[in-house]
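Quick notes on the structure that follows.
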Amino acid sequence: MNFWEILGAWVGAFFVISVLTMLWKDNPYFRFGQQAIIGATIAHYVLFNMKNVLNMALIPISKGNVILVVPLILGLLMYTRLSPDHAWFSKYPTSVLVGVGIGVMIAGTLRGQIIDQVKATVVDIFTAGTTFDLMNGIIIAVGTVTAITFWLFTREHKGALGASAKIGRIFLMVSLGTNWAGEEVWYLTQIIGRLIFLINVWIKGAILGMA
Amino acid sequence: MVEKEPANIWIKLGNIDYRWLYALSFVLMVIPILRPIGLPTLVSEPTKGYYNAIVSLPPGSVVAVSFQGSAALLDEQEAQFIATWKILFERDLKVIFYCPSSDGVIILNEELEKIVKPEKYGKVYGVDYVRLGYAPLGETGEAALATNIRSVFPTDLYGTPLDEIPMMKDINDHTDIDLLIFQHTACTSVEWPIRQWVVPYGMKVITMTLGCCGPMAAPYYPKQILGFLAGSGMGTELEVLSGHPGPGAVMSDAKNFGVLGLLVFLVFGNLSYLGKRFGRKE
Amino acid sequence: MIIRTGTYLDLILLIVLVVASWYYMNKAIRGEKLPMLRKIPAIDAIVEGVGRSIEQDRPVHYAMGASGGQLYSTLVSMTLAGIAMLRYIAKLCARYGARLIVHMPYQAESIPLIEATAREGYLEEGKPEMFRLEDLRYYGQGSLTWTQGVTSSFAQEGVGLNLEVGIFYSDCPISLEMAKIMGGMNVGGTGRWIMVYAFAMMCDYVFLGEEIYAAGAIVSDNPLMLSGIVIEEVGKYFVFLLLAIGIVLAAIGLDVGTLLSM
Amino acid sequence: MSFARRELPTILLTACGVLMLLAFFTPFDAFQTVKGTLTTWTIVISATSTWLGFIYMGYAQYRMLQRNPTLAQKIYFITPFAFFLLFFFVGVSFPGDLSSPQYNWLFQNIYRQVGATIYAIMFFTLASAAYRTFTVASIEAIALLTGGVIYMLRQIPLFPYFAPWLVPLGEWILLVPNVGGGRGAVICAALAALVVGLRTLWGREITLVEV
């Protein structure tokens, strides 16, 4: 390991341990690390976006693409929020962003999250090759329909609707449990990765010089 | 004391300070990292399919590797990568590496130069393996590559035109490639090689991916893809199967141990619940 | 063709929703009675939580997620749901005199909207002087710095009610669990199903998935917003209809996969 | 005045949204160009506004120092600015800017190293939450517990070795009941998001109009 690698291991370990102490309790070491990371991440965020402004607005404007002055001014209008009298100017850039966002959202949601889901539910049943697949397809369809009934707000959940919503809730709970398990094992890999870094790279490599 | 107030145990069992759980998990995970144990691993069918797809290739076959590595997700996949590179290099195969992500180039560099070292297996750059570098391919790029490699990568990573590389002289499209190893970190990308390589040309494809993406790959095995590796667990399986112990073994041991603390506490929590419940009835 | 192929069904669904919106919103404007709405317990829990915070002399924390200020992505509606809830909690805090700390998302472009909404909440209750700008916290990009900052704030300033509604990725488990460990009361939810498990497991009262949108409408107490829930209901029945038609057509041997790709 | 404060931003919002939808539903190139332009604009607007975060962070830190002017607080106050400056100057002063090896060193050893630690912390928080909630208290809780524990054990190498049936069972839970429940949840959330979007385009979303 060269000097910079060793220093890097020390710096990395310093911050990793600082974060991990949060599990024990709040302490000055954790707070120092936390404050440092705020500064670092804001700088990173600002730098990347300044680069975007430069490449996507300032350089094209200097080359004659003058229309890009408009978003630049709209972006600057965001800062009027800092002056109570002119704060309402910031509604303009916000409106453009939200307008575009809603266009993107509607276009993306209709197909991917609704129609394709319905399609998959129907197709799974009718393309099933075996009885087992067919049964699974039907279970998925039942789960989908009952889960939706759980979110019907305009009727009391009584009688048939109540039973359906109850079944839907069980499907939802299994789904939540599975999501938990998927994430938990994935995070387990990550904590082990950090521990391997601390033990093999920092302690063995940088401190004991064994690498 | 304890016998007189049995309910107290149950309440205590359900209210243990979480920090004991955290500390227990920590200790359990550190043990196998310091001293790998090598707990047994079941080698699953997709892993066997993956391994067999490589070892059954006749000598001199050409393998293309689409390597989309991501630095942030390396813990999950490094075992798969290293074991795969070792299996490839110890056989008489010609390997083409290309990267649809910029991270991929850096990771591959680290792994080939520092860990696997192809020259150790007597492999020569340009004769036995080639690195084509990075291009933001996407699904259309993978399709273009299948019909004409030179349209996407006119040169290799070091800027040498492909025609000047001995190994690449006769290789230009899917007909010259015998196996595609497709590595991806977005779950739905598993469909790319299937749509672009398997369906139109009937290519042999195997894939490597994250643990969470395994279930998305499973429906395509064994018809469209001959095998797949998902997550560090299956990376360990490949290490066991191929006899190349690596980072996966430590990871698996630590996983096996790390989860024990949680299981113990789950039992505590349920005992506490049942104890409180039946304690109340009496 | 005027309509792009492959978007016919999308358009039909959109038209159904537009017509339903037009019908029910007009009904709401005319002041006609809307169907009764099922109770969501988490809404009452918010008021209870604010009361508890005042009793214990601890602040109320509100968060929309480390990445919850997405104004121009497909998740924009979830941001708006978070904003609607912010307005409500600001009003409640102003009304009962609790201190509100807002942990802002990293998207700086959403800050003006967040500040305006929080101010508006206090203004509506006639207590604009209670609004404190320094209680809008910003932590930079990434879920780590955000969770660190939130945890640190819980530890130093205390946590009474911790309300989290909006777009959550891997940031919610830590902030929710830390609030719980430090004795706070958690209420919250997100529309991203993959993260709902964290809310279901860690919150005292949870908005399951879609309920965050319904809750935003219910707390606004505005008939126009409330009519939205009925409009969604129309959409749900349309989905049932689509499913039924699909199954019938598939049963008589048509290629439903292609039909539903129109 | 009122028009410029209230109606005009709403009109702007609706126009942007409708243009994006036209680009999605119609095949005309003109709308595609407009869509491209608007997308670039949103990036420029949001990139220009990044300094707002820095300003709000600075103000909150300053007020905290004012209220509690101890030495420790002074150190906490200076830290984020020090790290901001460190990242900022390293980011702009070396050739290659953000891709320079110097900035990359900072990024890898502080930003990324610490960023990965978040997942590690997550493992512990999810574990303690499971300890609290994974009980056999009700049918829903049992569903949560079963889904969670079985799918977790399926992913830990040791357990399938002794109980090979965990693999197909775990996969079945993931691909059948989980998909059923999850699909219903996704459809409902998507419909709700669409309704909010349409209401906003209509200029009826009070959250935006009144502010």
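Letters A, B, C and D mark the chains in the order given here, with residues in each chain numbered from 1 onward.
Following the convention adopted for this analysis, a contact is a pair of C-beta atoms (placed from the backbone, for glycine too) under 8 Å apart; a residue touches a chain by one contact, two chains touch by 3 or more.
As the structure is a prediction and not an experimental result, all values here were calculated from the model.
Peer 1: Tell me, which chains sit next to both subunit C and subunit D?
Peer 2: Common neighbours, subunit C/subunit D: A.
Peer 1: Quick one: point me to the chain whose Cα centre is farthest from that of subunit D.
Peer 2: Relative to subunit D, the chain whose C-alpha centre sits farthest away is B.
Peer 1: Indicate, using Cα centroids, the chain positioned nearest the centre of all protein chains shown.
Peer 2: Of the chains present, the most centrally placed is A.
Peer 1: Which chain pair shares more contacting C-beta pairs: A-C, or A-B?
Peer 2: Most C-beta pairs in contact, of the two: A-C.
Peer 1: CA centre of subunit A versus CA centre of subunit C: separation in Å?
Peer 2: Computed value for the inter-centroid distance: 16 Å.
Peer 1: I'd like to verify one number: the distance from the centre of subunit A to the centre of subunit B, where each centre is the average of its C-alpha atoms, in whole angstrom.
Peer 2: Subunit A and subunit B have C-alpha centres separated by 23 Å.
Peer 1: Can you work out the whole-Å distance between the CA centroids of subunit B and subunit C?
Peer 2: Their C-alpha centroids are separated by 37 Å.
Peer 1: Where the centres are mean C-alpha positions, what is the separation of subunit A from subunit D, in Å?
Peer 2: 4
Peer 1: What are the residue numbers in subunit B that touch two or more other chains?
Peer 2: As it turns out, subunit B has residues touching two or more other chains at 18, 22, 211, 231, 255, 258-259, 262.
Peer 1: Which subunit D residues sit where two or more other chains touch them?
Peer 2: Expected reply: 24, 42, 45-46, 49-54, 57, 111, 114-119, 121-124, 126-128, 130, 132, 144, 149, 152, 155-156, 174-175, 182, 185-189, 191, 193-194, 197-198, 200, 208, 211.
Peer 1: Tell me, which residues of subunit A touch at least two other chains?
Peer 2: Residues 19, 22-23, 31, 33, 37-45, 78, 81, 93-94, 97-98, 100-102, 104-107, 109-110, 114, 118, 121, 141, 144-145, 148, 150-151, 172-173, 175-177, 179-180, 182-186, 188, 190-191, 193.
Peer 1: Go ahead and list every pair of chains that touch.
Peer 2: Touch list across chains, by label: A-B, A-C, A-D, B-D, C-D.
Peer 1: Which residues of subunit A touch subunit D in the complex?
Peer 2: By the definition above, subunit A touches subunit D via 4, 8-9, 11-12, 15-16, 19-20, 22-23, 28, 31-33, 35-53, 56-57, 67-68, 70-72, 74-76, 78-79, 81-82, 88, 91-107, 109-110, 113-114, 117-118, 120-121, 136, 139-148, 150-151, 168-188, 190-191, 193-194, 197.
Peer 1: Going by the contact rule set out above, which residues of subunit A touch subunit B in the complex?
Peer 2: Touching subunit B from subunit A are residues 23-24, 182, 184-186, 188-193, 195-196, 199-200.
Peer 1: Under the touch definition given earlier, write down the residues of subunit B that touch subunit D in their complex.
Peer 2: For this pair, the touching residues of subunit B are 16, 18, 21-22, 25, 39-42, 44, 71-72, 211, 215, 218, 231, 233, 236-237, 252, 255-256, 258-259, 261-262, 265-266, 268-270, 273-274.
Peer 1: Going by the contact rule at the top, pick out the subunit D residues touching subunit B in the complex.
Peer 2: 112, 115-116, 123-124, 127-128, 130-132, 134-137, 149, 152, 155-158, 160-161, 164, 167, 171, 174-175
Peer 1: Touching subunit A in the complex: which residues of subunit B?
Peer 2: Interface residues on subunit B, with respect to subunit A: 19, 22, 26, 29-30, 33-34, 74-76, 210-212, 231-232, 247, 250-251, 254-255, 258-259, 262.
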